[in-house]
Structure formats: structure tokens, C-alpha cells
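Look at the two complexes coming up: chain A is in both, with chain B in one and chain C in the other.
On to the complex of A and B.
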């Protein structure tokens, strides 16, 4: 018997705002304007001072529910033809899992003072995404908890994806980029205490649950190197 | 026990027959080294997948005595860089090379490790010989397993020509 080609049952698609409705809604509520450059989907330009408020609203509103931040992207319009706005832009790509639509939010960023408020408190994924944009474009995200380079090494000078960076200019790294601070923070959050410190392989760090009082005695066998509390 | 001298008619060389051979220290040492290479794979990209094929039964690197892959540089004498190396990784690669005991050899496998490949950009090392000395380069993107084996054979020939009199360069 041939299986019928009935559509695969999905969960009920809840009614959200359609693209045109959404555009009008955001224009009225946050004074956004549609970016004329958007060829696919909907791109709305928002003022940086209203960015956080707007994203929080988009995330929480009952008929929008943009629960997912897909990416944060930087753009350098340095050599873009007939460009009149600021040199840089940051674009937030949002997705609504409930209503299955997407939205791009664009913020123009000044060349002299390239700063945008961070949204890491609204979306956890913004933490690394904003670090990447800072690394590649030199756009500062104010109030970011750990604005360090993500892809390039710590001795890198300049920002590689800016259009005025010569893309074949290579920069050597002399000392390995130890990520000990991040490791330390993660271990502490899990209740471990760091006993040894310094220039060494992270695997050789001896940790112990902080619940066990530190007596100065050697750590128990088997429980010293990786056992979780 | 008393010492009995051999009869004058018997010469000891004839008596021993085939039970010994004459050779040089270089030949013996190189014979041992060339036939028991211990590779350390520094695999960062698709070339490393190809290396898995080289180690596995189809191509079987153990036919050339180099099957014992070690993941500690202290236990290996052949460093195989299979894949793209970025500047962020470069100090790690350098350190792994320095941790290997002498004598040590390096095979650069594939276009990326050899020249940076098509990554002609700000972050990719244009050939690992900027960082560490290389003995054998393999072409290909990624190279076929046969090319890996050819590199092993060529390295064995190179080891054959080495001499203890010439000290290898230590950590340039």
C-alpha cells in the first residue's frame, strides 16, 4: 500500500503579525524605518538608543515572540556606491520560533564613535556574536561583560574585516592565547577552586570542590583532576 | 676450566660462518629509525580525514612501520601537519614541535599546510615552514592516501642518508 502524501502534521501555527503589519507596527511604536536596501525579508532601521527596548519588546510581545537571536553582524559601507549614512552598521537577525518569521534590525554606527548598546542580557548568544563583531569591525558594545577578541589573536592590531584593512596583511602571534580567565570563571561557577596558577596547560590544573575544606593535604586519588562535586 | 688454544689450522672467521655481519652504526640506527616512525597527527582539516584512511586497513600505514599514532609529542618522532594552520594556532604547533625529542621529522600534508592553500588572507599561515622546519611536503587538496605513503617512503629514504656525524639542527 502506498503511503498517502498527507502533509506532515505540525503544531498549530499561531497567528502573528504579517510582514506589512509588522513594518507598520514597528514604525508606529519605535519610529523605525524600513531599510530600502533589503532585498529579501524585512529589515528595519532602529535608533541605537531605542535598540534594547525594541529588541526586548520583539522578544516578549505575545504576538511576535522573536525568541531566537540568530546572529549579530557588522557591515562596513566604506566603498559602497552612493552611500550617505554612517560608515558602519550592526544588524541583528531575529527569528520567531512560534510564528516562523524573521526580522533584521539595523543600527547605523558612527565612524568616530563606533558604539552600540549590548543586548547580552536579552539573548545569551549575543555575548559571543558581539565579541566577533568587535573583533572584526572594532565596534564597541557598551556594557558587554567580556569584550575580548573572539576569532583573531590577542596580539592582532586593527580589525580585519574593515574595508580599509589590507586583507592579506598577516600578523604573527608570539605567545599563545591562554584562555585561563574564562576557564577559571567556569570552574568557579561549578564550585571548584583553582590551586595552581601560571603558564601551563589547563589540563594540569588541580581543582577540588570548594565545599571540601582546604586542609593543605594532597587531593584524594581520582577525585583531584576532574570529578564534579 | 682450562684454556685450550685453537689448532693453528683453524681460523676463527671461517668458524663463525654467517653468524655475524659487518655494518656501520649509521646503517643500523637508520634502519631502526626508518622502519619504526611514530607519527603525531596535527590534524586541523580535511587532510586529517584522509590521514585516517592512510592509517586504516585499506591503505595501512603499518606496512611501512609507522602505524603507532601517538597523541603526545614526547612519544612521537614524526609530526604530520594535515590541515590549515592559522596564526592563532601557530604558537601551539611550534610548542608541540619543540616538545618532540630528537631525532624528529615533519611532513607537511596538503596545500594548506604547505602554502596556506586558497586561504590567502589575514589569518592563515602561508605554509607551516614559516614556523617549523619541514622535511617532506605533500601536494593535494586533500592528498590521496597513496601520496601520504609516498611521503613516508621518501622520508625513509631521507632518514637512510642521515648520519650521526652531522648533528641535526636543534630548535632553530
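On to the complex of A and C.
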């Protein structure tokens, strides 16, 4: 498991940096650009290759201390009027517990190669939040330890929150996810050595070897973009 | 499942599946655990059984039509979801609702927080086999629901706010009813506290069970009572005050060890603070307009509609098309009963929301659940799930 980093804040929350100071600081250090779309807060656009470095800095720097990743949000701009950037965006909602400042980091994601580095090693909350974005938008988080669907059924084809996924489309979904592969991976990560694979237990209707050996590798390219409806 | 344990022993683990439909799963979620005797060697969790495509559905309607859907997120405190959503949309217009509306929203929020905590605490106690508390709390909760019924006709899913104000002003006797119900809440909280605070069975089942350290809770993105139970003194009402919370006298309740006991007790003591906030808010409830007069959000008065062409057109446009926030994005959060409830709204300037992402507080809490359970016993599964207050409606959306 990932070691926790965050020193626990003491005393009342401090004012922190204003949006302008924060914007200047991040522009100089990571060449980030302010996103003019944000109406009420501060959203900075960062290049995907600098994302991990930037988030680690934001988390650890003494005057920033963005200790909490509240959520990871996918956005599909396919039908957004007059949109010129990439089709997808991933937004990281960050909050500091020592200072009264918040920040959203935005990464533009190409339709052809929808991939962003995972930040699960920096925040525990990223694990599920990234799985949800993968599930709903088909954006791959590289190096994610368990990039599986979270809200939709594991047999679901396509990505439901994409703008070109029809709202009324129906799919036939049948067999439960046994989750034995995930359980085996967790046992391994806790120091157990498995002597046999697959499982037969009262909860499963059929006996079968675990369908997908857990390797930690990202899904194949076909699954990455997802089947189009 | 034959394995070699980290200590080098050859052992056989048994896999047990709990849920998705199980009385203790508070909705529908699934836990698959590998057991070494009664101890959980490892477990994985699965959600999504109540996934209704909330975020897809609300892209199909107008902003006003989103409101009834928000009721069905955390249905134990539906009004707080209404209020959070309306506040987020009003923020995009830079509109502040009238003082009376703010005070009414504070009263409704705090009463909702109380009934949400009641459900959380007493169902958790039922999971532990303590049924009496359930009646004490649910009787009082029923009294609050009677006020909801008088206020808007609905009990569970209220849809009581509107963008720019409220569905209607409160009824004349509202303040008296709330004053009365506060007394009942205080007495039922005292009764339940008396039953559990020094109860050996309860303490044995919850003390030092499923401990989450402060650093872990922060990294997991925990907010609200669960974060405070781990000893982190953070509350949006204090840290980023909205709706005049800086003018209310109340304490944030924090725990010391982050175990199941603390998570339950923090909620019990928060109810007492919420009672105090509600009393202070009642004193601030002065006559005045309840809805914003901003023509972009609020319907014109009937009188204006009948005598003024512009007002008639405005009324039609607001009914048929709804509000149109300026193009752009905005994230806004309120301190809901469970923690930080956030709405990230993307508007393309049209009548339908382009994208709304809900940041449900219990999503991050349930993500940590497998880690909390590992190393503990199977009996802790039921004993601790209630303490992180999983509401499948907002968890799965």
C-alpha cells in the first residue's frame, strides 16, 4: 500500500495565496496557463507530461500544501460550441487543509490517444476517481494498478458519458464480475503467496479460473478507445 | 484458496461474498473477502449496483429539471443536495439570494444534517444489534418529516429550493414547529447518548475498530464527520464560510483516534451543535422577500405578468427554457451531512447543463473501505460500514 504523506494541519485555516499569486507562481514554474472558462475559481492548464511533477509540487510545497485531491473529473467537449482544443479534458480538484485556497488542474486529452499519467501514488483518492473517469470516458490512466470499470457493469461496451453515446441505448449484461482476480492481486500486495489460481465458492454459479490474470498493465488499445456505438 | 501467509505458513483461505443485497450493506454494494479464520486477510469492494446514469440524465433537461434528481443523491438529507446545487448555479450568475432565503436554507440544512446523522447512527447501531436507539431517533426524525410535509408536501425527496430562492416561503407556524422539534431532538440525543456512550458492548464492538489515521483520511480525500473523527479540525462552514455561517456560534466536533466509535460519537455531538445553529438561525428569521428579483433566475410576480409584456415574455422563457448560466465552468461546494458535496458545472450558455459532475462525499469514504477492513474481523464489516455513512444514491449516482 502507498504510504500516507500528509502532515496533519493544526490550528485554524490560514488565508493562503490569492488566485493571482497562485496563477503567476504556477505560470513561472510549470508554464501553466489560466483557463478563462472558470467563472468562480482558478483553473490552470498543465501539459500531461508535467502533470505528476506539478501535482507532487503542489502537494508538498510549504506555501501551497494541496493535501487533498477531492475528485478527478472527465469532460467531453465534442459538442461544445466553438471548441478548439482537444476533445477531452481531465480536471483535478485540489484543496489545501492548511490554507484557504483551492485549485483545479486541467489536462487536455486527445481523442486519438486518450491517456494521462495516473497520480494514484500521490493521493489514495485518485485510485477510484481515475477508474470512474476511465469507465465513463475511456481515458486511460497509465500505470494505474487496477484500471477497471467502477460504476458500469464489466461487460458494458463503450463509455456512457461521452457525448456520442446515445442516452437511450440499451445493452444486455449478464454475468457478474467474480472479482477473484482483484482479490488475488490484493492478497499478493499484502504479502501472501498464492498456490493455486481461480476459485470455487458458494457465491459463484460456475467454477472458472480467474479470467484475467492481474498484471497491472493498462488495458489493450482496443479497449482504450472503447467501441463506438 | 491455498496460500503461504506473510509469516511463511501454509494456510487455506475461505472466500466470502457479502452483498450486494444484504441488510447490512445500506443499499447495494458488494464485498468479497478472503478469510483466515475470522480475520480478513484481504478484501475487495464493488459498487455500481445503483448506478442510474445520473450525470447522463441531467444533461438531457434544463437546470431546473436537475433539481428533483439531486434529491435522489443523498436521500437521507435531500434538501442539502437541493441547496448545494442551487447555490452552485446561483454562483455562476453571481447572484446572492435574499437574507430570509439564506436563513431558511440554513435552518433546513441543519435539520437535514440532524436527521441524516440520526439515520447514520441508529442504523449503524441496529447493525450492532441495538434496536432501541432506532425507535428513539426515528420517532424524532418523523417529527422533522412532518415539518417537511407541511412545508412542501413531500417527505423524502423534497425539491424544496429553486434556483434563486425557494419553492415557497415557509408556513406561518414554521418557527414554532421547529422550536418544538428541537426540544425533541435534544431529548432523543440525550437518551441515545445515555444508552451507548458508556455501554461496554458498544465500546467493545467499536473502539479501535477500523482505525483511519488523520494522514490516511486526508490522502483518501475524506471530508465531513469522518475526517473530523480522525482528528482533523476542518469544516467548510468554518473554513470557507457561506450563508453567514461565520456569524453563528458553534464548535466543530473532532475525534481523537479515527475509529468507528469516534465516527459515531462525532455525529452525535454534531447534532447538538446543529440544534444550537438552528436556534440562532430562528432568531435571525425576519420577514422579507424569499426569492431573488433577478429576472434571469426568478419568475416575475403574477401582477407583473398580467400587466407588463416584458414580464410575460420573461415568464414564458423561464418556464419553457429555464435559466441560462453564462458559458464557463464553476465548482462550488457546501458542507453536507456527509462531508463536502461539490458540483462542477460546465455551461455552454445553453438551456441544458453541458456537464455536471457531482462530488459525493461518501465516494471517497467507501473507496477506503477495503483498506479499513483488512486485518480486522468479518464482524467488523457490518459494525463499521454504517459509520462511514454510505448512501448508495450518491455513491453510485
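Note that in this section the second predicted complex is superposed on the first by the 168 of 229 C-alpha atoms of A that agree within 3 Å, B and C clash if a C-alpha of one lies under 4 Å from a C-alpha of the other, contacts with A are read in each partner's own complex, and residues count from 1 in each chain.
What we mean here is this: contacts are C-beta pairs under 8 Å (C-beta built on N, C-alpha and C of every residue); 3 or more make two chains touch, one makes a residue touch a chain.
In this text, all values refer to a predicted model and were calculated from it rather than measured experimentally.
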Applying the touch criterion given at the start, work out whether A:28 contacts chain B, chain C, both or neither, answering first, second, both or neither.
neither
Return first, second, both or neither, reflecting whether A:187 touches chain B, chain C, both chains, or no partner chain.
second
Figure out whether A:169 sits in contact with chain B (first) or chain C (second), or with both, or with neither.
first
For A:153, is the partner it touches chain B (first), chain C (second), both, or none of the two (neither)?
both
Looking at the overlay, does A:123 come into contact with chain B only (first), chain C only (second), both, or neither?
second
Using the touch definition from the top, say if A:49 reaches chain B (first), chain C (second), both or neither.
neither
More residues of chain A in touch with chain C or with chain B?
C
Note: overlapping chain A surface for chain B and chain C spans 151-153, 160, 165, 167, 177
Sites on chain A touched by chain C in the complex:
1-2, 4-9, 12-13, 35-41, 43, 67-71, 73, 75-76, 80-81, 91, 93, 97, 100, 102, 104, 123-125, 127-129, 136, 149-153, 160-161, 165, 167, 177, 179-180, 182-183, 186-187, 190-196, 199, 201-203
Show me the residue ranges of chain C that touch chain A in the complex, using the header's touch definition.
1-6, 10, 13-17, 30, 32, 34, 41-44, 46-48, 51, 53, 55-57, 59-60, 91-92, 213-216, 218-221, 223, 231-234, 238-240, 326-332, 340, 342, 344, 346, 348-349, 354-355, 357, 359, 363-364, 367-368, 370-371, 374, 396-397
Where on chain B is chain A touching in the complex?
87-88, 90-92, 95, 120-123, 125-126
Per the contact definition, I'd like the list of chain A residues that touch chain B in the complex.
151-153, 160, 165, 167-177
